[in-house]
Amino acid sequence: MPTVRDAVLDVLRLHGMNTFFGNPGSTEIPFLADLPSDFSYILGLNEVVAASMADGHARATGRPTLVSLHSTVGLGNAMGALVNAQHAHSPVVALVGQQTRALVHSRAVLTNEHPHVLPLGTVKFAAEPVRAARVPAVLSQAIHLARLSPAGPVCVSVPMDDWHRECDPLDARYTLPRHVFADSVLNPSAFARLLDRVRAARNPALVVGPALDTEEGYRHTTALAERLGAPVWIDWLPDRCGFPTGHPAFRGTLGPDAPSTAALFTGHDLVVALGCRVFRYFVDAPAPHLPAGTELVSVTADPQDAATAVVGDCYLGAPAAAAELLASALPATARAAPGGRVLPLAYTDAAPRLLTAD
Amino acid sequence: MPTVRDAVLDVLRLHGMNTFFGNPGSTEIPFLADLPSDFSYILGLNEVVAASMADGHARATGRPTLVSLHSTVGLGNAMGALVNAQHAHSPVVALVGQQTRALVHSRAVLTNEHPHVLPLGTVKFAAEPVRAARVPAVLSQAIHLARLSPAGPVCVSVPMDDWHRECDPLDARYTLPRHVFADSVLNPSAFARLLDRVRAARNPALVVGPALDTEEGYRHTTALAERLGAPVWIDWLPDRCGFPTGHPAFRGTLGPDAPSTAALFTGHDLVVALGCRVFRYFVDAPAPHLPAGTELVSVTADPQDAATAVVGDCYLGAPAAAAELLASALPATARAAPGGRVLPLAYTDAAPRLLTAD
Amino acid sequence: MPTVRDAVLDVLRLHGMNTFFGNPGSTEIPFLADLPSDFSYILGLNEVVAASMADGHARATGRPTLVSLHSTVGLGNAMGALVNAQHAHSPVVALVGQQTRALVHSRAVLTNEHPHVLPLGTVKFAAEPVRAARVPAVLSQAIHLARLSPAGPVCVSVPMDDWHRECDPLDARYTLPRHVFADSVLNPSAFARLLDRVRAARNPALVVGPALDTEEGYRHTTALAERLGAPVWIDWLPDRCGFPTGHPAFRGTLGPDAPSTAALFTGHDLVVALGCRVFRYFVDAPAPHLPAGTELVSVTADPQDAATAVVGDCYLGAPAAAAELLASALPATARAAPGGRVLPLAYTDAAPRLLTAD
Amino acid sequence: MPTVRDAVLDVLRLHGMNTFFGNPGSTEIPFLADLPSDFSYILGLNEVVAASMADGHARATGRPTLVSLHSTVGLGNAMGALVNAQHAHSPVVALVGQQTRALVHSRAVLTNEHPHVLPLGTVKFAAEPVRAARVPAVLSQAIHLARLSPAGPVCVSVPMDDWHRECDPLDARYTLPRHVFADSVLNPSAFARLLDRVRAARNPALVVGPALDTEEGYRHTTALAERLGAPVWIDWLPDRCGFPTGHPAFRGTLGPDAPSTAALFTGHDLVVALGCRVFRYFVDAPAPHLPAGTELVSVTADPQDAATAVVGDCYLGAPAAAAELLASALPATARAAPGGRVLPLAYTDAAPRLLTAD
């Protein structure tokens, strides 16, 4: 089984972050020792230097760039450079060493005591994964966030005993390769890519989130659903309802977990998720997020939702505008409209029931 | 001379925030007493209620909505409701009472002790103006930020003795009515508005910021400058240079203060600012930001820059993409290209000197 | 009239902080230019160096030591050194430059954008005075807090236009020379000093705060009041009542402002304040905190109350234990017990009324 | 094997916290369901009410009091009440629900998204244990900190899947019953207790930390070592050296982990630790902190060190003053002085070597 470190190196490769910078200490050794030959580690003898080099590399390449910092004082030393990166919208990804999990709370030597608070004021996102298996996913989120507009530095603290733990594929499903497009979906070339993807779908399904609960949202999502002949779900326990529940295409809410959600998409080759979290689970279940053969693209205006989505490619931008443009650009479908009328959802404290009337 | 309160009420009117919610205490009385008849104050008897009503109003109207909270405990009571507003991307603007400035640092009764730290984790922006005359500007920024994508709550703390202080028009120039468009500039209807504005300009000028320092940025800004026949400045003390300094249209940097910057724009009816702060002053000078008859529109991907710009209307979105679309949509100009070749800038510790060679 | 800078230099002299360290930038020039000859400024060419020297000086001398840091990036660069100072309980006082107040909220070049948030995780106290006249008082508080147990670094941000503003003596009264004893009052030598001070009082008065609202607190404060023959007030709008309201010595609450509070102490040469804020004003009034000829000593377990007290010397430690030790060590008084019985307080929304029954 | 919940209930019993308050949600159910009959849970129908009841209970009893809060919005709702508790120095212990660890980073429904940042400004300590087995220890630290002067609220977030995990006794050794005395050690009755404990020791050992690295510290710790005839260690990798390395009693540093440290204390029935962390480990090793039959008492001025010590009872207060008082109150020892002269320590990157010269 791959280790956390294996999975992290794959995340870095996916983002082209093979060249990185740092000033090492013991808490980073499990990550740094025996680095594969496709990675280059460039040493700076104070974190000001290492983080500034990473900042320059990020500006020159336009790509997120990693800087490996030593626990607490190392992060502290780098903070002036992170302020500069913040002002320059430079996507510097600081990876900070932490003591082993067993010793963090007794404030052992080299504990990174305030990983969530120390970097405040300089970074867009500061996190320490709540368990080892989440390290690749959290680093992946951080990289996406660093790139997304307005770009800027982020910070992830990793306990030193996490690196060599096994990374279960069922956990890894949260870290599947995903593309989050930093260009707005409304950029003509980005939109063309989305349009091609949707046009190629044989049997698409829609999921709409609370962001569509506006007059404009209802108009454009119903138009899109009708143009696609697609069934529509809203997400689970939504703050608000982004689609008219009386519309024939309406199918109720997604499920509270991965199996019940994935089951709904059987037979659909593409899920188009607009303005919602992907997915707003309530219960953890070790299962795939989508049926085999189903893919997902989402559009959201919230960079954090884009970064934390558990599956699929994501476009940043206003979902209502994306729906409008899609509806007007797509040809009329030859697909039959979804059969039957779905009555408004009856919530229960068990799984949501969908009542279908013929 | 108008008071701070007068200026704040005008800011609220500008944003259509005449209906607001609250649970009052003594620190808010100078703001609330004798409210003009075009304002409605709706009372909630705990801040949970008042802030939740404001959240509902913001969701239902799609507009930023004010909630007036009592100092410290009042803000604390509202924080559960602010968490909900954050999750729902609801633009709730919390205005929190603070003791009189003379008593804040002795921790007098009703001091809002941690106005910058207490709301962390729920709001996009937390501020307390560093002097009374800045209250209208800071509230204006907060309102813009609350609306801009991803929308969400913001928080401004106002010392109770600020409300009846005079608000000098020279300070108020930072609070001029401005439109910040929450729609992306790449939304076709928003872009059409920007295009009309630029097309109508008789003699436009360009300012480009560090965000354009990419291959794509250089290509599209030079194309736009040539299409417009417009001179180009970069902003003052830029992190990076967003325009080729050897290009004939290049004119050097803006000045370090309002008078030296405004002077450069004499004769231009429109300044188009792309990917820069408006303006990155170093020195305060009580003077207009633009010459009489000059207007400004800006495009930036950074909501904070959009909200804190001191003058002009602003479009959110990628400035390079906006330049590309403008350059391709504008007709060729009949204007002469800017005369002369401007040598690369020589920095001095005095005002920047521009060396022109014929 | 003295300037803010004059008053700050006096605060530094009072604490023996004539030698300090820094790496200067333009925002600090108004403070640093033409430094009086009794001050030594030791230059470090990066803030890591300057702050580390200050840390070493503080450890070697046992005294709070100033480091002058440049705005935002300067503070950032110093943060690794501040982490070290925090771990070593070293009283480093970081004084950080800030733009002029007029430009802070437009995020001008050199703005210290997050003075309250950036230093979080490393300092005990981070502040930016809400007006120029408070700078000396806030710096004084910061120095006291840095020294008090557990000692550690603090941070104060000062707008560059504050330094040359006039500092009104009525504001300066918040900055009167005060001693805050870092030793616990229960240290035998510290207690001896307090005991001497109380024993020497001709006609002392007591103020007791919410911290004495325990069985132990009531027992020891009543014993002390009786031993001293002293009248007893509780502080204004207290969370809880630290003295039995039916006791003959009880006199009600202090006033909501300086004049009404000071008036109560007429004829008393010493006020002994136990476990309360000094003073918990509600209303600002430019007047002395005590009548001429009256002095004050306080005992509190809260370092922040000790540091922010507006007048008098302060001992850190448990006020109930201090009362117990004082009561047992003081000789019986020859003073008459306070005359008359004071009825329990009737609160009104006007000033507190004291109802005296003969 | 006991579960995390079993261990937490024992921690609560130890502190007499059997009555607690709350407003439940699903994330707290694993903790609350089937509560043992010696616990009383008092329901409040909004967190403002539950937290205010806990505050009142803490004030009335003088004991730390638990309030169980629902994830994120529940904590938000309680924050006004926590502000009140903070002002009143009331030791309210907020226990906040969190999603299951697997779902936290995908921001699932009911995720407590900012457990370290949301409560800032109201609490002395905010934590989320980095693994399930640390929950009892972190809660124990939080309770100690809430009580220690200046008392005030604290906040601990617990993932819902932690409650029923097994709690290994080797982890539990970090949670052994410990007393941390909130009274200063300089309080005569507290000091008497410490004196009795030290006087009763058959063969005590001393550990001194960086806080003793002052003239006063050296004087009093050498006097104490000589009076006790005790060997002296300094802690591992100390910032500074709190004992003269040339003194015959000096024995070098403790070890970097539990086994190497415990081994040094073989044959000593009592370790007296002054002004140091207990213990400053660098490496985790699942072993007891002390040999069988050895106990430990510590004196520190740092409440956080008192709360996070891994073993032994702790007195708050100045360690140098405690050493002075102990040295003067203890009888001369009949024990032989520690044999041999220990040469100054030679640091290596392996375990510290102690060179003994006869």
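Which chain is which? They are A, B, C and D, in the order written, and residues in each are numbered from 1.
Going forward, a contact is a pair of C-beta atoms (placed from the backbone, for glycine too) under 8 Å apart; a residue touches a chain by one contact, two chains touch by 3 or more.
It should be emphasised that the depicted structure is a prediction, and the values quoted were computed from it without experimental measurement.
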Query raised in the report: What chains do subunit C and subunit D have as common neighbours?
Result: A, B
Report task. Tell me which of B-C and B-D has more C-beta pairs in contact. Result -> B-C
Query raised in the report: Taking mean CA positions as centres, which chain lies farthest from subunit C?
Result: A
Query raised in the report: If you average the CA atoms of subunit A and of subunit B, how far apart do the two points sit, in angstrom?
Result: 29
Report task. Take the average of all CA coordinates in subunit B, do the same for subunit D, and state the distance between these two points in whole angstrom. Result -> 48
**Report entry** CA centroid of subunit B to CA centroid of subunit C, Å
**Finding:** 38
Query raised in the report: Got the subunit D residues that touch at least 2 other chains?
Result: 84, 114, 117, 120, 304
Query raised in the report: Which residues, counting only subunit B, touch subunit C once they are in their complex?
Result: 100-110, 114, 116-117, 120, 127-131, 133-134, 137-138, 141, 159, 161, 171, 174, 236-237, 256, 277, 280-282, 284, 304-305, 308, 310
Query raised in the report: Any idea which subunit D residues touch subunit B in the complex?
Result: 46-48, 72-84, 113-114, 117-118, 120-122
Query raised in the report: Tell me, which parts of subunit C touch subunit D in their complex?
Result: 59, 62, 84, 87-89, 120, 149-150, 183-184, 186-188, 210-211, 213-214, 239-240, 301-304, 317-318, 321, 325
